[in-house]
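Please find one structure pasted underneath; my questions will follow.
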Amino acid sequence: MRSLRSGLGTFFTYIVAFLWFFPVLWLFITGFKTEGAASQFPPSFIFQPIFEHYHLVWSHGALHYLINSAEITILSTALSLLLGVPVAYALAVYRLKHADDILFWFISTRFLPIAGVIIPIYVFFQSLGLLDTQLVLILVYAGMNTPLVIWMMRSFFKDIPYDLIESSQVDGASGLQGFFKITLPLVRSGLVSTILICMVFAWNEFFFAITLTYTNASTMPVYMAQFMSQEGLFWAQMSAAATIAILPVLLLGWFSQKSLVRGLTMGAVKG
Amino acid sequence: MKKLLHLGVLAALSFCLVLAGCGGTSSTGGQGEGGSENVTLTVAVVNNPDMKIMEGLSSNFEKDTGIKLNFVTLPENELRKKVTEDVALGAGKFDVVMVSNYSAPIWAKNKWLEPLGSYFDNMSDSERKAYDLDDIFKPIKAGLSYNDELYALPFYGESSMLYYNKEMLKKANVEMPLHPTWQQVADIARKIHKQQNVPGIVLRGLPGWGQILAPLDTVINAFGGRWYDKEWNAKLTSPDTKKAVKFYVNLLKEAGQPGATSTGFTEALTLMSQGKAAMWYDATVAAGTLNNPDSSKVVGKIGYAYAPKAKKDNNGWLYSWALAIEKGSKHKDAAFKFITWATSKDYINLVGKEKGWVSAPPGTRKSTYNNPEYQKAAPFAKIVLNSIKNAEYKHPTVDPVPYQGIQFLAIPEFQKLGNEVSQQIAASIAGKKTVDQALQASQKIADKVAKEGGYKK
Amino acid sequence: MKMDERALPQTTLAQSQPLKKKSGPPVKRLIWPGIIFVAIMTQIPFIVTIYYSLQEWNILRPAQGVQFVGLSNFIDALTSSHFLHVVLNTFILTFCSILLCLILGMAFALMLNRNFFAKGLVRTMMVSPFFVMPAVAGIVWKTMVFDPSFGFSYFIANVTATQPIEWLSHYPLAAIIMIITWQWAPFFMLVLLAGLQSLPQDQLEAASLDGASNTQKIFYVIIPHLFRYLEVVTMLGLIFILQIFGQIYVTTSGGPGFSSTNLTFLTYRDAFQNWEIGQGSAVGVIAVIITLIVMMFLFNILRRRFKEELS
């Protein structure tokens, strides 16, 4: 009886997982269809796969955009860690007068609707002659992600056993050494979760990317946009482009999800 | 808290001053001229099928001239936003931009585009003869001019017409005249919808000034309605306008496609090309795609008719996508070379030979329509030709109006006005409002725009 | 130093007294770079936005110039007939999405917190939507699910012999909530799963020994333990879902009418569809103020909670 019930539960889980995943799966499949077959209804499940769209998308300079995306994502994440982790550490470890206010201020910076601040940002970077450089997006994404880093890392630091931090500070070694040798490894899985979330948002961001870049520094979502046509039937081509665009971050997510769960567990995510 | 506020305001003001200072001085910072060789042009184009072909063939141009091309290809909305920012905020990163006959005169007036007259004067006689400016349709050229000066060269031009699925009409035992009235079209649509349970007609319902309003405006014109009278008093609640909008909305509701408020040009094209609809009233450029066996299931089954009439005839719209040179470009001569290449007879021939004549950019040159190969490949050529020739861009309505433009009003505020009004109409299609309520709200918006724009004295 | 993370003495920073500040300077050195950077990247543009919001500036009419108009942009925004509608949309959108994400996320987490074959694969499949670009998610749903002529909507109508539901025309807000839930429920699931896995097994056993039923266990043991996780995931979800833009942009463009426009999208409509920078900035500022008020309220609740725990 009991095993039957659990078997049913498992079966149900499989079905739900399949349904949830289906749109993504369908995107993959459609990329291998001809445009005609892609907009056909009822959809065909058995068809001659073609690689034309992937080939076309790839030969259309996707690599340039992928490299931009990768560099911008990595560097902006690194920058936001560099700036955010110390703040998080300070907020978690030291007794500060306005710790809560500082934290709230950081989080509140995330409430600005991007459309409301984009023009000042555009004008600002234009006056510095930085439009269409990777630096612009690195800075902007770091600005966007630093508050997240602070908020998440703070809760992980708070979970570190008290004695350890103290010993890391009392030991003759310089504070920095203690931090890297003792403290940081303790929050490793938390750090991985934080990095992953920063990377996902930097990779997928569209509005800043399309506004602040032209060709040199454009990222994958901008590249995607040219396949999201309002004038023509490019559903299959769009699917191929979308697959290429989401695959890197999807793989990253798949491989690190265990860390993600572990990271979130150990943090016990303290408010 | 209050202190903080004061501080903030102060900081804001001082920052703005600094910003204004920066903005003034930094615009001259060039990145080095470079000789006429080794020039790279940044070109902003919309991502429709014709432009994709152009990108594919542009290596020919690069080989011949040594000029490099960097394409920024975006959907129409993003393109318009991006290019507007680039010119209006003075970044000037694009050399060549794609503009429509809606934006060209407005941007020319704002001094964002380079006038082309002097460049044509500097051409050698043989070059000028080869380009043959007189070969380009007059109404198209007029739409791209401001104060009688040409500011952009047309890549393709379009009007609007009615497509119908011959098989479905035959099954319903009806015949489509070459010059139908809207009433005839509506009757046929209702009949087929009832009989065959397919959309009798597909019409755009997606909000946006370039979406639903394009066909709807031509219906308003046909029924004798208008947006404004001569003194810029809004006329959206006048009986004729109301009748037209009610006609459009009811036709969509009773015999149109389901989910109409998310049907834009692409969705409509998909329905028609998959043989899922009996009729479609839209842009003439769609004919190329409907006749392309790669994506269409109705090749050879489509019939064509002129834009339907009511009180008024000749209701086809006039639209063109054209290439212009940005005022801030540092490589204007190279840019001119490129735009004359992409809009030349030679280019059209190149596309005809490489991609088939049905894909040749339509609606710009007489020579294309005199070409027997094009006539053979495009059975709709004559309707397109006549629709463009007869389009009444300067006098679009029955009663006189203070604006030009058929499926749009050629004023900068129309983007706002059109978007807001189109949302109101969409709400009435979705049944969230009555047509009367939607038009009343639209009337208010139109009045406000006329006042704020300084049109209404 | 080769101690296991978990084998350590269980006095953590959160439970003990935070360290007294040893010396002033290091703390400042740690905090200031972050504050300055974030301030430059977000606050200065915001201040400029406030400045713009007091101007009348139509980008397409450079001849009209930029004029100071005081608070009239704010008055226009607040008195316009659609404003309340948009604020209400924002709340409905955010509230329903988060509620659905919580319910589904919890359900998924419970489903996955058991042992069965191919568990890793199943979890992988379920989290995938979270990594999809918002605009792509919107397009996929629009074409695949909601389209009444080609999508599932048509398919289901065919099977049940009814008229297809026109989601994007008639229930645009619900449609967008579905897309958001599809993307965010997996994230909620991950966090809650983490919470479930950190649940001390002995508590559950004790509850079983006391004869608690499964539902009782969920309500009296599991949910109280998960409270913190729920709070955190709600907060994170709130930050992002309040700002939803891409999904609306590619599916409904905020329509029909204003029925799926949220505050973020209204800012976009005013600034980039109408090119009224002043008006758009004013809406942006109002959006920030409303959000801040709501968040301050929530944050206070949070703070009160964990102050209690500290004492």
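Brief remarks follow.
To keep things simple, chains are lettered A, B and C as they appear, and every chain counts its residues starting from 1.
Heads up, the rule we're going with is that a contact is a pair of C-beta atoms (placed from the backbone, for glycine too) under 8 Å apart; a residue touches a chain by one contact, two chains touch by 3 or more.
Just so it is clear, the structure is predicted and the values come from calculations on it, not from any experiment.
If you take chain B and chain C together, the chains in touch with both are A. In terms of C-beta pairs in contact, the better-connected of the chain pairs A-B and A-C is A-C. With centres taken as mean Cα positions, chain B sits 37 Å from chain A.
With centres defined as mean CA coordinates, chain C is found 15 Å away from chain A.
The set of chain C residues that touch two or more partner chains comprises 44, 48, 149-150, 272. Touching two or more other chains at once are residues 39, 41, 119, 123-124, 225, 228 of chain A. Residue positions of chain B touching 2 or more other chains: 19, 81, 89, 270.
Residues 19, 22-23, 26, 29, 42, 46-49, 70-78, 81-82, 85, 89-91, 93-94, 264-266, 269-270, 273-274, 289, 294-297 of chain B are the ones that touch chain A when the two sit in their complex. Of all the residues in chain A, the ones that touch chain B in their complex are 34-36, 39-41, 119, 122-124, 126-129, 131-132, 210-211, 214-215, 218, 222, 225-233. Touching chain A in their complex are the following residues of chain C: 1, 5, 8-16, 18-22, 26-27, 29-31, 33-35, 37-38, 40-46, 48-49, 52, 108, 111-112, 114, 116-117, 122-137, 139-141, 143-145, 149-150, 154-155, 182, 185-186, 190-191, 193-195, 197-198, 228-229, 231-233, 239, 242-243, 245-246, 250, 263-264, 267-268, 271-272, 277, 280-281, 283-285, 287-288, 291-292, 295-296, 299, 302-303, 305-306.
Residues 8-9, 11-13, 15-16, 19, 81, 84, 88-89, 106, 110, 199, 205-208, 257-262, 267, 270-271, 276, 412-413, 415-416, 419-420, 423-424, 426-427, 429-433, 441, 453-454 of chain B are the ones touching chain C in the complex. Residues of chain C that touch chain B in their complex: 44, 47-48, 50-51, 58-64, 81, 142, 146-150, 153, 163-164, 166-170, 251-259, 269, 272-276.
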